[in-house]
Amino acid sequence: MNASDCYEQQGLIEDINEGLITVNVKNTSLCADCHAKGACGFFDIQKKSIQIFQSSANFKVGEKVNVILKKSLGIKALFLGYIMPFLVVLVVLIVLSILHASELFAGLVSLSLLIPYYVALYIFRNKIKKSFTFTLRKIE
Amino acid sequence: MAKKESTFLNMLVTLLLVTLASSAALGYIYEFTKGPIAIAKSAKKNMAIHKVVPEFTNLPGEEVKKVVADNDTLYLYPAKNGDQLVGVAVETFTNKGFGGPIRLMVGFLPDGTINDIAVLEHKETPGLGDKMQKSKSNFSLQFEGKNPDNFKLSVKKDGGDVDAITASTISSRAFCDAVQRAYTVFKEGGIQ
Amino acid sequence: MSNLKNFAKGFVKENPVFVLFLGLCPTLGTTSSALNGLGMGLATTFVLAMSNLVISLVASVIPDKVRIPSFIVIIASFVTIVDLLMSAYTNTPGPNGEPSLYDQLGIFIPLIVVNCIVLGRAEAFASKNSVFSSLLDGLGMGLGFAFALTLLGSVREILGSGSVFGFKFIQGDGILMFVSPPGAFLALGFLIMLMNKWKQKIV
Amino acid sequence: MSSVVLFTIVSLSVLGVLSAIILFFVAQKFKVFEDPRIDQVEENLPAANCGGCGFAGCRNFAEALVKSESFDGLYCPVGGNETMEKVAQILGREAVAQDPKVAVLRCNGACDFRPKTNQYDGASSCAIESALYGGDTGCQYGCLGLGDCVDVCNFDALHMDPVTGLPVVNDTNCTACGACVDACPKDLFELRKRAKKDRKIYVACRNEDKGGIARKNCEVACTGCTKCFKVCPYEAITMNNNLAFIDADKCKLCRKCVPECPTNAIIEIGFPPPKIKEPADVEATDGKTGPAETIMKESKESINNKEE
Amino acid sequence: MLKTFAKGGIHPPENKLSAHVTILDLPVPKTVSIPLSQHLGVPAVPVVDKGDAVKAGQLIAKSEGFVSSNIHSPVSGKVVKIDKVPDTSGYKKNAIVIEVEGDEWIETVDRNGDLINTFDYSREEILKKILEAGIVGMGGATFPSHVKLTIPRGKKANYLIINGVECEPYLTADHALMMQKGEEILVGTMILKKVLDVDKALIGIERNKPDAIEHLTRLSEKYPGIEVYPLQEKYPQGGEKQLIKALINREVPSGGLPIDVGTVVHNVGTAFAVYEAVQKNKPLIERVLTVTGKSISKPSNFRVKIGTPISDVIEAAGGLPEDTGKIISGGPMMGKAINDLSVPVTKGSSGILILPEPEAKRKKIDPCIRCSRCINVCPMGLEPYLLMSLSQKNLFERLENEKVMDCIECGSCSYTCPSNRPLLDYIRLGKVNVGKIIRSRK
Amino acid sequence: MSKLITISPSPHVFGSQSVGRLMYGVILALVPALLVSVFFYGMGAIIVTLLSIGFCVLFEFLIQKFILKTEVRISDGSAMVTGLLLAFNVPSNLPWWIIMIGALIAIGVGKMTFGGLGNNPFNPALVGRVFLLISFPVQMTSYPVPGGLNTGYVDAVTGATPLGIIKEGLKSGLSISDLMKEVPGYLDLFIGKMGGSLGEIAAAALILGFLFMLFRKIITWHIPVTMVGTIALFTGILWLINPDKNADPLFHVLTGGVLLGAIFMATDYVTSPMTPKGMIIYSIGIGAITVIIRVFGSYPEGVSFAILIMNGFVPLINRYIKPKRFGEEVKHG
Amino acid sequence: MEYVLIIISAVFVNNIVLTQFLGICPFIGVSNKVDTAFGMAGAVTFVMVIATMVTYILQHYVLLPLGIPFMQTVTFILVIAALVQLVEIILKKVSPALYQALGIFLPLITTNCTILGVAILAVQKDFNLIESVVFAISNALGFGLALITFSGIREQLDLADIPKSMKGVPIAFIIAGLLAMAFMGFAGIVK
């Protein structure tokens, strides 16, 4: 795999269970690069675990690994997670305002449309899951 | 006091208490500052009026007269000392500014002589057009005590009597335009 | 740490602006003159000191998981208080029609609430320390912030308009770039560089 | 109470409660505070971020320390035992003391001892020069003198001696991070156990050529004559490919081997008397005698002392 | 417009001083030292011992594995030692040193110079002969020819390309060979065609050798399927990827081999060696090389026994000039500077170039001014300025992404840089490091 | 052999180009424009040019020697080019201390903070120029009226540039046809008889410099031609739409800094893209932004800003526009 | 037309980072990689728009009718903080895979002053709902534009020899200053 097409994040293997490897990655906040993050407690570092199906032969619990995600998948995630719902809200808002709906109504309706959007995501969650594949690589 | 467990109820109660306390405090302070804030706000407008016309005793803001011209509005604030009209402050504008619209407060004495001019709002270039402000140069001083009937409100380049700000003919022209508009409105209906 | 040290560290060693690079927006946005910088700095100091004080008082009874929201509410309340007070008492325009301090600081007053220093101090210090040292910490950090803002404001004012705190010492304009937005970045960049060099020297 | 105050209280309370609920879930599902000990440990690490421990930076190392069960294989060469002790205290564990080490340069081929046979004129990098050929002297094992090692040393423990053309290790600054070991394409650095008073005895040569050839190319080359090997009472010396090597763990610093070496390839440092000259002194001498030679003289002198 | 490759390239002064000098046979030297690693791949293993007597043409070291090559004695005499000897790699490497005694050859070699232009060996027989003769690419890379000629399963060659470009300044060995052994080369080409089972062989020659173009074109009429193409002068047209692009407009994919676009490229010298191996049973024990340089008194082309010390060769060309600043084995663009005149001539030595003192030194390095000249001349479409700084900063991952491994080390970038930046030096270092990483991944 | 022989990695021969030769080539190419300027603006042009070059070289020297403590390389000529181009971008009556500040900003902020030659993301001369324009608008917008060889330095009579006249006139509601009577004719514009920065006026001389640099292979055609073409195209469209409010393309190209910018400033190696395709994107960007600023913005002239803005995008262009790698698309011909 | 003006104004003329000085911390902090900058721009757009809409409704349908606009700061920050977190929770619940992918791709979005600032500015400028949304989008675009350009320059400078004392934050400010200076050329395009 060509490294330029990928994102990498360091993580720690937390659990291995019949080919299902759970990796803990640190999701750093905006302040990730800030060396004062110790002084700042604003919604700080969170952990996310990622489950990966991969032959676990080479990996041990507690090992440091790189989780690799194809760049195109990252963009797709961005699209599904943020851009698409944004477009949904925007389009509905514009349509409603063209129809001269009241602001409150238009605003609330378009915001509440996020709910069905997320429901739809939920319904397709398995499909989405299939398309997002991660790879693990050991860190020497 | 011991740290409370993070049970749902505890959390609700804590937050409720915190918000209650804060909002009560805020509400109180708001009540307390409401007066001064309102005064400060009205003082801001009056300040400009104060600066451009002689001493007055009335509340010009209450007696404001609006005149619509060129898609915008001019405001005429009559200043009275007792019943005596001592001057009229005209909030005027121009769209010919270099960087955008300019709003001025022009103070006229009842006979139409310009008493003083204050710049309310402008977007002219720092170092060039912004010299129309009194704090930045003497440009606006040349209008004081002049009556537009015998002081031609346009820059010398265009045959008027106004010395333009160096390298800022456009702003100077715009300034004159705004003052001229104020004067016209003042003439047409300003003097009660 | 002694209380004095605690107070003093905000000035140089842990200066929020020059060392920690926190609260940069107000630093850049409100320093077109020394006075504005000072005003903003003091407003922040007030919020910092007061919220540190209150938080250190109540932190021990707040359950961990609502700590952040409670802190936010407390801080935001103090910010609102500053906002209200300033709009009441610092809202008079200058003698030549210059905008009032309140107007010049503008949106940056409500934004004190998201200034990392404030919440950061609450989290990292006030919630764990005594009332008095929290107050001192807040004051120290706040004054360090105010110091940085005033310094930057002075530099920009000196270079940009040839005056300090409004006292003009040269005729006419200065180097106008320094009072416009790009000048803020440039001046802060070079100030931080100088600070770094100076710190290396004294260490 | 005015209505404003009432509204204030009501609206904020409602919002407060709502966000409490949301944030409750956040806290429930996400919030994993980092082990505060990581910060503590990190504070006690030297913050050099040099990678000497084998991790990408001090913080990563701190994490590893906190997470691992024991300190097996985890050691900060820069901070040394002292730091590890502190860390052990924080974590309530047993520190494993390691012998402190220091880098030594296994080449003494100063310009005076090792005549140049050609002139290198490529990019100034030992790695590049060594990829191209054996080097600008007859010895293809010796130091190239372009200072790749100096560039990677984060602790100001290495500098080039302009006279000898060799890097000089400053024992006080050297933390045994091992960066130079990795950087040197000729593999000239060795991390050796720090003995008392920084005394050391080692063979400053990597030349595997046969004796005559080695000697021809460098006056102070190890010729593989095995004299030292034979004299060492502790079996600390091994011979391989015409080259002697002194195992620091076995060497008892008895100095028997030093006078044996016909080419003075064995270097002893830190033994009295006379005191080691400061590098400044060296520069003060007419520039012809570099530290290498100083060292040589010293060793000879100390030999003499011993014989007396 | 004549054919040439599409992107990049430079045209340094040609300085082909020995262009029309006939090839002379260099006398047999007193001793030869024959490095065991004269080819890409695993070094050969000696099959003789110290003290053994050997004949010219006798196998003295056997190829070890598939990508390796046999080595034969170029002289008759006695093996005096098997030891480390400096060679063109810049390091001392194992070599067999033979003291020359007499001129005895093994019997199978046909030492008669007459042209034999018919052959009817099977492909397997030819391949076997090439393998046994220890033929490697004479174009400089010294890749064992039998490997190249063994087409991997699933691939098919449609063209054989014979590389008579010789785009390096100064060098004229191939030119001289084409003039003097033209017909032999063509027969060799026919043999190679048969091995590869292709219908067409293209010979590419730059137009600065009009006589060679004319000569081979005329001769090739007799040999079906061989065509000679004149090419515009442009360095590095001799690089096989560029030559393939120039002749048949196909691009060897990144990381791929010529066979991926259905071609095999061989140097004219290789074709000649194949001719000798197949038709004369003569193993690869001598080669043609150019000795040249502006202050050399007799720039010449010699046929030299492998293992001859280059001092002998230089001596034959009039001796080492006073103002020698640099001695290069190969051409000025890709050759290797050497510091020891005892270095032996090997199968890959195409020339010896002596640069005078002032030309030998590089100029002061300036900062990169991002003039993009290096990008414009890079025939591989790389960004040398970027590769260099990535290599300096040890950013290996990015180096790999920027395709550092595609660099053919032609040196056009370093040649052209106005800031005299040592681009190729660092790119090479980057290639070594990235290569290590790639290998460790496997 | 008396001397040691040299060993270095290949290649062993090199081309003859050098940084110094390139820079002095640019300076040579700028000489005709300087001569024209002296012809129209007299001593002022000479004084400003010498001061600017002097200060730039001096600051570069001081910073390299005393602040950065690196090798002093003022002899490579790049500071001279910066000084010359800075001078070319200011009025010929600019007081000496403003020139000094400009040189300090150009070299100190625009170049040396980034590590000197080759590292700066923005064109130093333009950094200096725009800094001055914003800081000293009065002095930077009072251009001397071309008065021949004996036009004074600081006491020169000032006037407006053709673009300034147009902009101001349009603001006061005049139409182009009226305004065209006030500006110099095309021949004057071509030879440089108009108000403006001292080096930007002489279209003919600048084009001469362009041909010289093309001939000497200092620059390629991509940036200048594309940039001028883009400006001509966009102003041409606007002109066709409303010739009463928009000047014609020829006028736009000949006035202001278009030619100076296109030939000498946008082409600065350090701050322009590395590949021809990138260069074309870059110069289309400059052209478009120039027209936007000229037509819609408050500044009468936008070339300097446009170049600086596109300088900001150069790293992105370099990142995404790569040369075509050999073997990228496998063709089977 | 006024939408176009809002967009041009927010993206070029009054760029939120370069002239309004909002969001400087992430601008200086997260702008080392172009890829991340792109991702950030996308995510910030969503959050900013949603936050602006919610606060708009809060302001106009709660605070103003109740006569307590001074509660703006407190309520806005609470709502925005909760909202940002809510989005995360929902994403995690709804599609763990997506959530995980985003985790690798992007840094977290925290409530920084851009988001609160834009919400407050939209209210201050008396925009209606649609205008507020357009305003939020364009500011997000402006943020993205500045961030991406800036990260490009910084990526390039990673390979340059910046003087030691300028490395890191100082040089970042100088670049931002010069970029801001260049953007001043757009002055006056929108009056």
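Think of it as A, B, C, D, E, F and G in the order they're written, each chain with its own count starting at 1.
Definition applied: a residue touches a chain if its C-beta (ideal position, glycine included) is under 8 Å from a C-beta of that chain, and two chains touch if they have at least 3 such contacts.
Nothing here was measured: the structure is a model prediction, and the numbers come from that model.
In summary, the chains found to touch both chain E and chain F are D, G. Between chain E and chain G, the least number of touching-chain steps is 1. Looking at which of D-E and B-G shares more C-beta pairs in contact, the answer is the pair D-E.
Per-chain CA centroids place chain A at a distance of 43 Å from chain D. Chain D and chain F have centres, each the mean of its CA atoms, that are 52 Å apart. Centre-to-centre separation between chain A and chain F, using Cα means, comes to 47 Å. Those residues of chain E in touch with two or more other chains are numbered 90, 336-339, 360-362, 367, 422, 425, 428.
Under the contact definition stated at the top, the residues of chain C that touch 2 or more other chains are 21-22, 64-66, 68-69, 73, 76-77, 80, 84, 116, 176-177, 180, 182, 186.
Within chain D, contacts with two or more other chains are made by residues 4, 8, 11-12, 15-16, 19-20, 23-24, 27, 30-31, 117-118, 121-123, 128, 132-133, 136.
Taken together, the chain C residues at the contact with chain D in this complex read 64-66, 68-69, 73.
In the complex of the two chains, the chain C residues touching chain G come out as 21-29, 68-69, 72-73, 76-77, 79-80, 83-84, 107, 110-111, 113-116, 177, 180-186, 188-190, 192-193, 196-197.
Chain G contributes residues 158-159, 161 to its touches with chain E in the complex. Those residues of chain E that touch chain F in the shared complex are 7, 10, 12-13, 90, 169, 241, 245, 248-254, 256, 260-262, 320, 324-328, 330, 332-339, 353, 355, 357, 359-363, 366-373, 375, 378-383, 385, 403, 406, 409, 411-412, 414-420, 422, 424-425, 428.
Contact residues of chain G toward chain A in the complex are 25-26, 29-30, 32, 35, 39, 42-43, 45-47, 49-50, 53-54, 56-57, 60-61, 81, 84-85, 90-91, 93-112, 128-130, 133, 137.
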